[in-house]
Amino acid sequence: MSTDARPTTTPIPTPTAPAPDILRCAYMELVVTDLAASRAFYVDLLGLIVTEEDENAIYLRTMEEFIHHNLVLRQGPVAAVAAFSYRVRTPEDVDRAEAWYQELGCRTERRTDGFVKGIGDSVRVEDPLGFPYEFFFEVEHVERLAWRYDLYGAGALVRLDHFNQVTPDVPRACRYMEDLGFRITEDISDSDGVEYAAWMRRKPTVHDTAMTGGNGPRMHHVAFATHEKHNIIYICDKMGALRMSDRIERGPGRHGVSNAFYLYILDPDGHRVEIYTQDYYTGDPDNPVVRWDVHDNQRRDWWGNPVVPSWYTEASLVLDLDGNAKPVVDREDPSEMDVTIGADGFSYTRAGDEGGSYHGEAAKGFKLGNQL
Amino acid sequence: MSTDARPTTTPIPTPTAPAPDILRCAYMELVVTDLAASRAFYVDLLGLIVTEEDENAIYLRTMEEFIHHNLVLRQGPVAAVAAFSYRVRTPEDVDRAEAWYQELGCRTERRTDGFVKGIGDSVRVEDPLGFPYEFFFEVEHVERLAWRYDLYGAGALVRLDHFNQVTPDVPRACRYMEDLGFRITEDISDSDGVEYAAWMRRKPTVHDTAMTGGNGPRMHHVAFATHEKHNIIYICDKMGALRMSDRIERGPGRHGVSNAFYLYILDPDGHRVEIYTQDYYTGDPDNPVVRWDVHDNQRRDWWGNPVVPSWYTEASLVLDLDGNAKPVVDREDPSEMDVTIGADGFSYTRAGDEGGSYHGEAAKGFKLGNQL
Amino acid sequence: MSTDARPTTTPIPTPTAPAPDILRCAYMELVVTDLAASRAFYVDLLGLIVTEEDENAIYLRTMEEFIHHNLVLRQGPVAAVAAFSYRVRTPEDVDRAEAWYQELGCRTERRTDGFVKGIGDSVRVEDPLGFPYEFFFEVEHVERLAWRYDLYGAGALVRLDHFNQVTPDVPRACRYMEDLGFRITEDISDSDGVEYAAWMRRKPTVHDTAMTGGNGPRMHHVAFATHEKHNIIYICDKMGALRMSDRIERGPGRHGVSNAFYLYILDPDGHRVEIYTQDYYTGDPDNPVVRWDVHDNQRRDWWGNPVVPSWYTEASLVLDLDGNAKPVVDREDPSEMDVTIGADGFSYTRAGDEGGSYHGEAAKGFKLGNQL
Amino acid sequence: MSTDARPTTTPIPTPTAPAPDILRCAYMELVVTDLAASRAFYVDLLGLIVTEEDENAIYLRTMEEFIHHNLVLRQGPVAAVAAFSYRVRTPEDVDRAEAWYQELGCRTERRTDGFVKGIGDSVRVEDPLGFPYEFFFEVEHVERLAWRYDLYGAGALVRLDHFNQVTPDVPRACRYMEDLGFRITEDISDSDGVEYAAWMRRKPTVHDTAMTGGNGPRMHHVAFATHEKHNIIYICDKMGALRMSDRIERGPGRHGVSNAFYLYILDPDGHRVEIYTQDYYTGDPDNPVVRWDVHDNQRRDWWGNPVVPSWYTEASLVLDLDGNAKPVVDREDPSEMDVTIGADGFSYTRAGDEGGSYHGEAAKGFKLGNQL
């Protein structure tokens, strides 16, 4: 199989068993410490649709979804992620997932009635990177509300778009994910061969998940899509009106990577949610991989607006199959924050721009304005 | 006459002569040091329409304008503002402006053929705050291109919206501007009675000009309007594509003051240009003045995103009627930057929010993320 | 005084008394036959804000309004308009309005406590064209909800924009309205000098009201503004979701006249409501009047989409000061519908386009497609 | 294999050979009679990017495309479609396509150097419905211009979205397309089992092509996607400014089927082009098929705006592999136009709505306004 992953010296073995045929990221199960506060955030603020709920859990979906949910909020003692869940093409692909991870020596757990409401036969695994992954096919169908404009708010979320995971060794993660059938679409690296992040997909968008280099395993964010950019701006406006602007962490802005318009906000537990719109089709097997220089100051924000440090450093814990938080392992490679911001790092607006520029700015054109 | 200005201990006398009836801010004359570079910025990047040009000057207008120009770029040795120009209701209002300023002891210069192309009988004055103000009625009509969608770019500028001036003593400036017939619509102050900025209008929008407290007289920015928010986002996207993102100084964002969507960018000389859309009607005489607390972290950006220091400190020189730069006088009152950012300042997201908050954040909820 | 009105052979005398200084169209009082059904339309569907209500009347305002209301719905036996109400600059302008109409011999009624809640000293008149006009200054201030994005729906109405009146003799109406202080901004006529419609303003937009040639006095529509075009599209989408698409009468589309984006919908009584956004500034005294040829097929819809006949023929009755419906007088001049649609009329896409065209279409390029 | 197609009494046999693995609709080859006029339409008006051109042909692509072209304009004597071209997953899938159609007895032609520039090894077939289909894998990569906002116009086309074909027997076409690997996503039928149209996809959008019941084989339209709805509105505005509004055939509007926002315009030869945005994800194998009643007046336009008759009756000829126009065979089933518009047809806004309605309208609520 061809690979677009960077070389790794610590590869996870490729199973001989066939990988499951994964359709798409389908839902995340989030443990939250105050279910009412989280309901206010995801339902009242963001307008996700409640498929069903009880005193311990709320099942939420987007406007265009026809499966039972895209997000489960479950009351628990420690804020964390209980599952990154993918839908597979057939019931047999659940068997394949189970066998594939068992060959890797991973702990797996199969439940024919599912781990959460609305989902049938599923397998959960502790994957080689330490993440709780789930695979299922059987799911309860619910009404696709795409035409129910009477239910749309001005910032309506229409699809689950992707997950984003923090892991110390990005090339290692990429090779494993390629074995699992994912394709890399974009990445960030430097001229020394250090890889800082990579995006990978099953459905033909820029990603179903991304691997962000850092201390992990942790969950960086979960992303929902809107139809248009003004929907995202409205969410900001509404958060201002509710005097929740301190929960807007970064953005809105235009990503370099993915070319999408984005916003990052923080839920009551600090789980990061991205609102995202308008990336591009990636479904051809020879889809060109877009490779960004870590020092390109437009890679993370096309307009050069600074990435706040918390965005690099903060992330959510993930749980093992017993519900305990996985220990976090430090990244050994250089951190993207260190090599791009502040005393040790540098960035440029124009490659090769040194000792003066078109605009009479200092060499390298790094926009320092937003920092004290 | 009723006043909405804060008390001032250093008032400029109110003339006995009647004030001119000012319609609106009409154009700015900018001195630029590299006319070709400025043309690339205002015509190629921003898409302003060239009404006419020669080797020394370019006359530009917006898509919905029917007078000769909204901006004059004139080649000169020092980047500065040569005129803030207002249109008055009748030819006689030019006489009134001249008499009004002469009663104040200001230097005035009358040219029946105008100071620039396209404009007829005009008076220019060095106003009591040190700004070069112009008043005219006679003007050459040109085609209003509002219906010429074949000429619209994706970020089309449709109107000149306002000026913004930096002056040390805001209450003094406000009383003078009220005497000139302006109405205050919004301001920023603190509980000690210090005023940091005020917005004032003739046409029924939030402003034709604003007075920003700081070392002055200087020009803070000139603002053009788009129809919709996506037009402003496109300008950012285009600046990214042209690798000019380091000329995006602040934004895009939603203002608290004015409720408009905004972007600040810098031209090749560092003249600041705002792109602005969707404030509200203010034309009733009892239009409520909106007064913001300087510590309200949503006053300048409704989403709480930080104001970059350069936005507070940098501004353009202005010229006297001989074309020499006016000396800059320091502000004596506290600066908005000092009282809101960093070690000496504070801001809050929720008034009265102390020692803990809804979101479990630190007291006062100031969003520090964007600072190193 | 200069005039932009077409010549009239049946002028209404110009009073010697000074005209009141009118600020803007402020509210319409609508009589509706089923208050609950109307509430569902204006509040549940369109999202207007209820300032107050009782069993007989509902007072509604837009998001950016600070006066008590922009629309009064009053239960009554016959669907009609009880008042077109304008705000004037000072309390004395109410006196001026009363005197001005009395000099014209019109019936007037003064109520120092107002005709409806929230409004103080007012005068209502039966104007020379037969319309119930009201003028007031005193009004209760309410919260301007411009910043309350938590209350905005996806199709939020932010301002009352204008009225539109049907009257048989447009030039006569125009001269009278000019005497009252209005300025004409655009009109539709033909080469024989017949005038079909004219737009006129006090605030510096394209209109506060328009005179549409037809059997009258009747009310053609009342218009509310949104911020952006997608807000209008959303209203259509929501009406589709509610299976109310048969209440979408015309549009959405782009007007030729005014250059605004528009939609016409019908309330439960058949009162026509326009949703409107993005016309242009008209506040200069020499603002160019835009004159459209009635045969220009882009005058009413810039995209050449057909005007439905009901839009030409249907309109709401208006009441006299006793609450009785005013008799409707037929228009004697040609009707716009007759001269542009069907067997007797013609329209062109390109002026002078005859006997073939660039696109190989029939002469005159009239788009007949939408008609059986 | 499961089927979502309606029963057919005239099935095309299912080949025993495996079907090719089709990725997506990739490009259309259009024969035009005036290449310069077509260039003005597709390049100057619509802003498609010229990959290359010579005196006989122009190769065009969208902003987000990385393969050589999405549209070929070729000068020829008769306006027609020379190829509906699909990209397949591997080079071997071209072999599979060839074998699959040969087993069906279809004429095929293989060219290892491709039929047009930029494309390598390809097979063209005259398919069982009479359409010229092409399959290829090898293609020249070109720059994906997604980030080149300096090249985006206000109405930028970012992707080829789908084809639409006219064929007399829709159920027969559906079964054949299912054999070829397509999945049905939506259809229009009546209670008698007559099928009027069906949408089918390979990539996970609502369609790569649709089968519209009518006299065929003919090409109904080719569709390009924009990012947002305002991009489509801009195209209308620009056509108005260029006095080409008579080339706007239908829309803009919201489809019921697909839930997308749409516009239909006509090129200089009458080839119909759709501009389309914002349908939904369909990639799951159990994606619910949406079935519309032909009498539902919101199926074609969610706002109930009428479908112009030309949209039902007009379509482009298609060519056989010798370049001769295929004869057109009449549809025998009832036509959608006949059963829904005019004397013989009926439509409803609300199912079951008879003898009066919520709005006091006539039975069935059909919006007749737009018809004379």
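Read from first to last, the chains carry the letters A, B, C and D; within each, the first residue is number 1.
In this section, contacts are C-beta pairs under 8 Å (C-beta built on N, C-alpha and C of every residue); 3 or more make two chains touch, one makes a residue touch a chain.
Here's who's who by UniProt: A, B, C, D = 3,4-dihydroxyphenylacetate 2,3-dioxygenase.
Here the structure is a predicted model, which is why all the values come from computation and not from measurement.
Across the two candidate interfaces, A-B and A-D, the one carrying more C-beta contacts is A-B. Of all chains, the one whose Cα centroid sits at the greatest distance from that of chain B is D.
Here the spacing of chain A and chain D, counted between their Cα centres, is 34 Å.
In whole angstrom, the spacing between the mean C-alpha positions of chain B and chain D is 50.
Remark: chain A and chain B have CA centroids separated by 41 Å (rounded to whole angstrom). The residues of chain A that reach two or more other chains are 147, 228-230, 237, 240, 256, 302, listed in rising order. Remark: chain B residues 228-230, 233, 236-237, 239-240, 243-250, 252, 254, 256, 261, 266, 268, 270, 297-298, 302-306, 308-311, 341-342, 349-350, 357-361, 365-367, 369-372 touch chain A in the complex. The touching residues of chain C, when paired with chain A in their complex, are 147-154, 156, 228, 230, 234, 237-238, 240-242.
Note for the complex: chain B touches chain C at residues 23-24, 64, 66-67, 87, 89-90, 141, 144, 146-147, 158-159, 203-204, 227-229, 256, 259, 278, 280-281, 283-288, 302.
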